[in-house]
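The structure appears below as structure tokens.
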Amino acid sequence: MIVVFKPDATPDQINQILTKAEQLGLKTNVSEGVERTIVGLIGPEEVLQVTPLEVFEGVERVIPVLAPYRLVSREYQADNSIVSLSDDVKIGGEQLHVMAGPCSIESLDGMDRIARQAREGGATILRGGAFKPRTSPYDFQGMGEEGLKILKDVGEKYGMATVTEVMDARDIDLICRYADMLQIGARNMQNFTLLKEVGKAKKPVLLKRGISATIKEWLMCAEYILANGNFNVVFCERGIRTYETATRNTLDINAVGVVKQLSHLPIIVDPSHATGRWGLVAPAARAAVAAGCDGLMIEVHDNPKEAFSDGGQSLVPEKFSALMQELRPIAQAVNRKL
Amino acid sequence: MIVVFKPDATPDQINQILTKAEQLGLKTNVSEGVERTIVGLIGPEEVLQVTPLEVFEGVERVIPVLAPYRLVSREYQADNSIVSLSDDVKIGGEQLHVMAGPCSIESLDGMDRIARQAREGGATILRGGAFKPRTSPYDFQGMGEEGLKILKDVGEKYGMATVTEVMDARDIDLICRYADMLQIGARNMQNFTLLKEVGKAKKPVLLKRGISATIKEWLMCAEYILANGNFNVVFCERGIRTYETATRNTLDINAVGVVKQLSHLPIIVDPSHATGRWGLVAPAARAAVAAGCDGLMIEVHDNPKEAFSDGGQSLVPEKFSALMQELRPIAQAVNRKL
Amino acid sequence: MIVVFKPDATPDQINQILTKAEQLGLKTNVSEGVERTIVGLIGPEEVLQVTPLEVFEGVERVIPVLAPYRLVSREYQADNSIVSLSDDVKIGGEQLHVMAGPCSIESLDGMDRIARQAREGGATILRGGAFKPRTSPYDFQGMGEEGLKILKDVGEKYGMATVTEVMDARDIDLICRYADMLQIGARNMQNFTLLKEVGKAKKPVLLKRGISATIKEWLMCAEYILANGNFNVVFCERGIRTYETATRNTLDINAVGVVKQLSHLPIIVDPSHATGRWGLVAPAARAAVAAGCDGLMIEVHDNPKEAFSDGGQSLVPEKFSALMQELRPIAQAVNRKL
Amino acid sequence: MIVVFKPDATPDQINQILTKAEQLGLKTNVSEGVERTIVGLIGPEEVLQVTPLEVFEGVERVIPVLAPYRLVSREYQADNSIVSLSDDVKIGGEQLHVMAGPCSIESLDGMDRIARQAREGGATILRGGAFKPRTSPYDFQGMGEEGLKILKDVGEKYGMATVTEVMDARDIDLICRYADMLQIGARNMQNFTLLKEVGKAKKPVLLKRGISATIKEWLMCAEYILANGNFNVVFCERGIRTYETATRNTLDINAVGVVKQLSHLPIIVDPSHATGRWGLVAPAARAAVAAGCDGLMIEVHDNPKEAFSDGGQSLVPEKFSALMQELRPIAQAVNRKL
């Protein structure tokens, strides 16, 4: 932590900070510049996070030096983490994994048809929502447990691992009985109650980036999960909110590289939400693989015109399979398999 | 709902939409322009929200005409709503109400000292967090029920109504026993599970704007609460996330005027979070009152240097009282009382 | 300037920075922390701005300590600057000044009618564009010199100072012959060629904030003008671009307080562009005065239905006069005159 | 253009719009819904762009239907445009082209060394700034004409086409004598004076996206150039400003797909500015090629520690060559050559 003083700070004001630091068990380093005095505080920064040094008289600015997260960082673990959903599906290694399926689970028949075709196209993980976070209280809210059963049955039938969203801490046990991976949606990224509880669960967690979350905040939310004991976390970049309205969200492709530098945890990309339009899913998916992601999450529906939600961003199975064909040589070009 | 077709859309493609509309019980109006055909769909737009017309062949764009919310709108209720917290505290009328108190409830003594001074300054509602949404798992997480008791006791002692944040649906009953108003924090604005449950509660709700929520999304979240039976909702503008880093958030002062035009529900402003720096709270609070808000929420702490959270944006009681003095003639200038 | 090293930085890598600093004539202060070494560089930071220390091996991050601007800062000049447009119109003192008029100058008659009514309402500065920055090449581009003559004649007739936009360095001399103040529009805020040239002009400059400019970048653009010899600069906050679409722009009301803290130069607010809708101009204008701005710029047109540009955000003269009545008690409440 | 009326609009108010439309030579289509009346205006929308229909009484909202640009659109020209810089360098076809070189031209020797290595790596276009838009008036402002000579001489020596930024309309003739392509920088994207003048020049134009420009605004700026007679325009996505601070800008990779859908003009990507950190240039460049761009612009410097500007985002020649090797199989995977 570095404390920058105002040009007119008095020695007493500077001493007040030095005394405070001493009380907190920190060492200090005073540097007197031409215009300003700067004090470095040496030691664990956690003790300072609840001490608002910027309210002390004479202080102009406080600059944190250390990242606020630990367990998720490359410094804590240099090697890439591998997150296992099943014997066959391990995210973070050479093999890329693609999660495919409808936005909402709508029926057994529909799920079966879509899963079969997604599997044939090369998807290894089946996705589908049983509890849906809908912006309107009047929209379809999901099939609940019945949907979870469909997800599990269809996943087993086609040899796919499964992932589905958890929105309420009270549903975690239920969902853990049916799915291989718990998804935390973008709107719940900072639902700290939920983060703590999935941190205690025994299933891997897919942590979507909040719609306006910084990468640092996103890493901190993963830290919540790891700090509660669950190290099996996969990040999912799904587009951020910007001023641009030509697409539903702006895919922050830079996030792939940044997360890979800062953390040992895997990161996948969701080009469906990151564009919001099926016609833009393919270039976004290709870009994601080329940038070095560990997998993709893609919405697939065989009848988007009748889909209960997000039909406009779903690929039909034929287009999904064609996209998978396009992705393979790109994966190879970056030394990955698909 | 208006459907704009591509210049090369065929009659068959246009008929496909007309047929779909008929199935949904909607009337249509076809307008053939020089370059494009446009079809207006007449009837309740809800039935279209789950029908992704943009995936039909030949369709270029779909434009919704009606707002997606009903109960919160000025069209549903032309007159301003008044939300009662107690016999004395009614938000939305001529009288402005100020919520003041520390970010976190830290101790009975501290709360008592702060409340007394805030009350003397003119605050009528006591605020304080017992369950805290902290970005770091290593930060202070709140006093829980013990904090709620302190809030209630101190509020009663000084004749103030009380408000505190609810983060978990499982805590609603508990909090309702102690506080007069339930606060939904910015990070939970789209926690639809929580919205539904406070919609069933018998206490007024303070709905903070999500950090990157559009005004339309915010109104939709209030709709969730009203649709579940609770019409006592007050909006709270607390700053939005933008590219500007000189302040913690950007106070969207325009939101006050926009919400007043679109909705009958009251709106207050939180200048503490909207600036993030105590030195900027006063101009932001003055601006909010001048813009026409129904109240303010301000962080007050008598020893910000030792505050457990958000000390940097808290006013000391003397500055709070001075600010209240500044606000009174402005309130009067816009025909309000304070 | 503070240099933070990576945890595994070698002594050689640290020495490389120390040597570089010495070459540049800077003193250094080394602080060895538990996890990282930090080096403070003491002396003028300008020499470092062209030296990318972050590319040196072992360096993790470089943190500037001093603001990059000098002449515009409160440290350079503690007292508020007063910018004179004429004997009667001095911006930055107790008296607030309001610039009013149409977006574009359209005709002598029209300008005369609008100016007369704006003057009666209390405006002291007449605005109007003769050269227009239009987003479409097919839109009206302004009357040019003929418009400037109208501006000057009408301004003199009603005893108002005048302001108009300069878009091209080649027009500066021409505009200086007719107008009292040169406006740099938002789109040209970082047109450094133009900034240098108005820095050499003898007229005051109104520097609008770029649509996505940080406050720091905005201050740096003013620095360009002052560094070229022209200290008569007034800032104009006119809304920034955010994700919110309910308004044309988001009025960053916090900017008033921040600029007042950092700089001695005056700041006014343009509620017309900051909202984009005439129905929202009044609350935004009231908020701006309450926040402590030094004046306003408001679009006024007596027949917005036929206006050549921006009719939707223009007030009719009656509404302008009514707004000025509303603003007077607010100005008084913050110890200003209007 | 579609006009949506308020629920309580009177027949007179609706007739006022119908009459106005008739005066403007437009046909109308009236659709009476359950809650609102909607009127479609049929004919060229240009005549409406200067008529603010939203200020008419009873009007709630005005929705444009047609895109405001024509010449740049796919509807105007279905086939991809090819922009020729020289006999060998044609942007927009199967062959991708990479522009490489230092941010600023610093000396003949330096430019020669960098160009030789960039050419060996596979770059076909040499970049370098002679006039620099620097945010600080105290920074290096470029070598001017001397720099242009160096650019031309070195480009010819190594058989590379050349591109350099033009900041002032008065410099266009000069730059046209030395360079093969005129670059409009992000800060000048909406400098309409400059756009008109390069529209009259005989050289191809590289139009960088403004730092907060929507894709629609960007296309409109190209329209300015085409409307003035110059159809040789190439877009350059260089990152946009968002709230994220981990990178200098956010690369809007979706923009590649969107521009390809809407326009026939080529688009390249600048991963150096879009990330701001050399360590992130490679994944961003790979993503851009995979997304389908027509080329790249990359900053290369053989001694970034001593670069006059933007050293932190420059690749050293070895890393540039390695990146080019990585890009070739990706280009092949998307049916392009590099």
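Labels for the chains are A, B, C and D, by order of writing; each one numbers its residues from 1.
Note that in this section a contact is a pair of C-beta atoms (placed from the backbone, for glycine too) under 8 Å apart; a residue touches a chain by one contact, two chains touch by 3 or more.
Just so you know, these numbers come straight off a predicted model, no measurement behind them.
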Checklist entry - Taking all residue numbers at the chain C to chain D contact, is the shared part over half or under half, that is, same or different? => result same
Checklist entry - So which one's got more C-beta contacts, A-D or A-C? => result A-D
Next on the checklist: Could you work out how far the Cα centre of chain A sits from that of chain D, in whole Å?
Outcome noted: 31
Next on the checklist: Measuring centre to centre with CA averages, how many angstrom lie between chain C and chain D?
Outcome noted: 26
Item to check | Centre-to-centre distance between chain C and chain A (centres being mean Cα positions), rounded to whole Å | outcome: 39
Checklist outcome for this item: Residues in chain B with touches to at least two other chains are numbered 212, 241-243, 245
Item to check | Complex contacts: residues of chain C adjacent to chain B | outcome: 212, 214-216, 240, 242-247, 250-258, 260-261, 274-275, 279-280, 282-284, 286-292, 326, 329-330, 332-334
Item to check | In the complex with chain C, residue positions of chain D that touch it | outcome: 46, 49-52, 54-56, 68, 133-140, 167-170, 187-188, 190-193, 196, 211-212, 217, 220, 223-224, 227-228, 241, 277-278, 304-312, 314
Item to check | chain D residues within the chain B interface of the complex | outcome: 2, 4, 7, 29, 31-36, 38, 40, 42-44, 63, 65-66, 75, 212, 241-243, 245
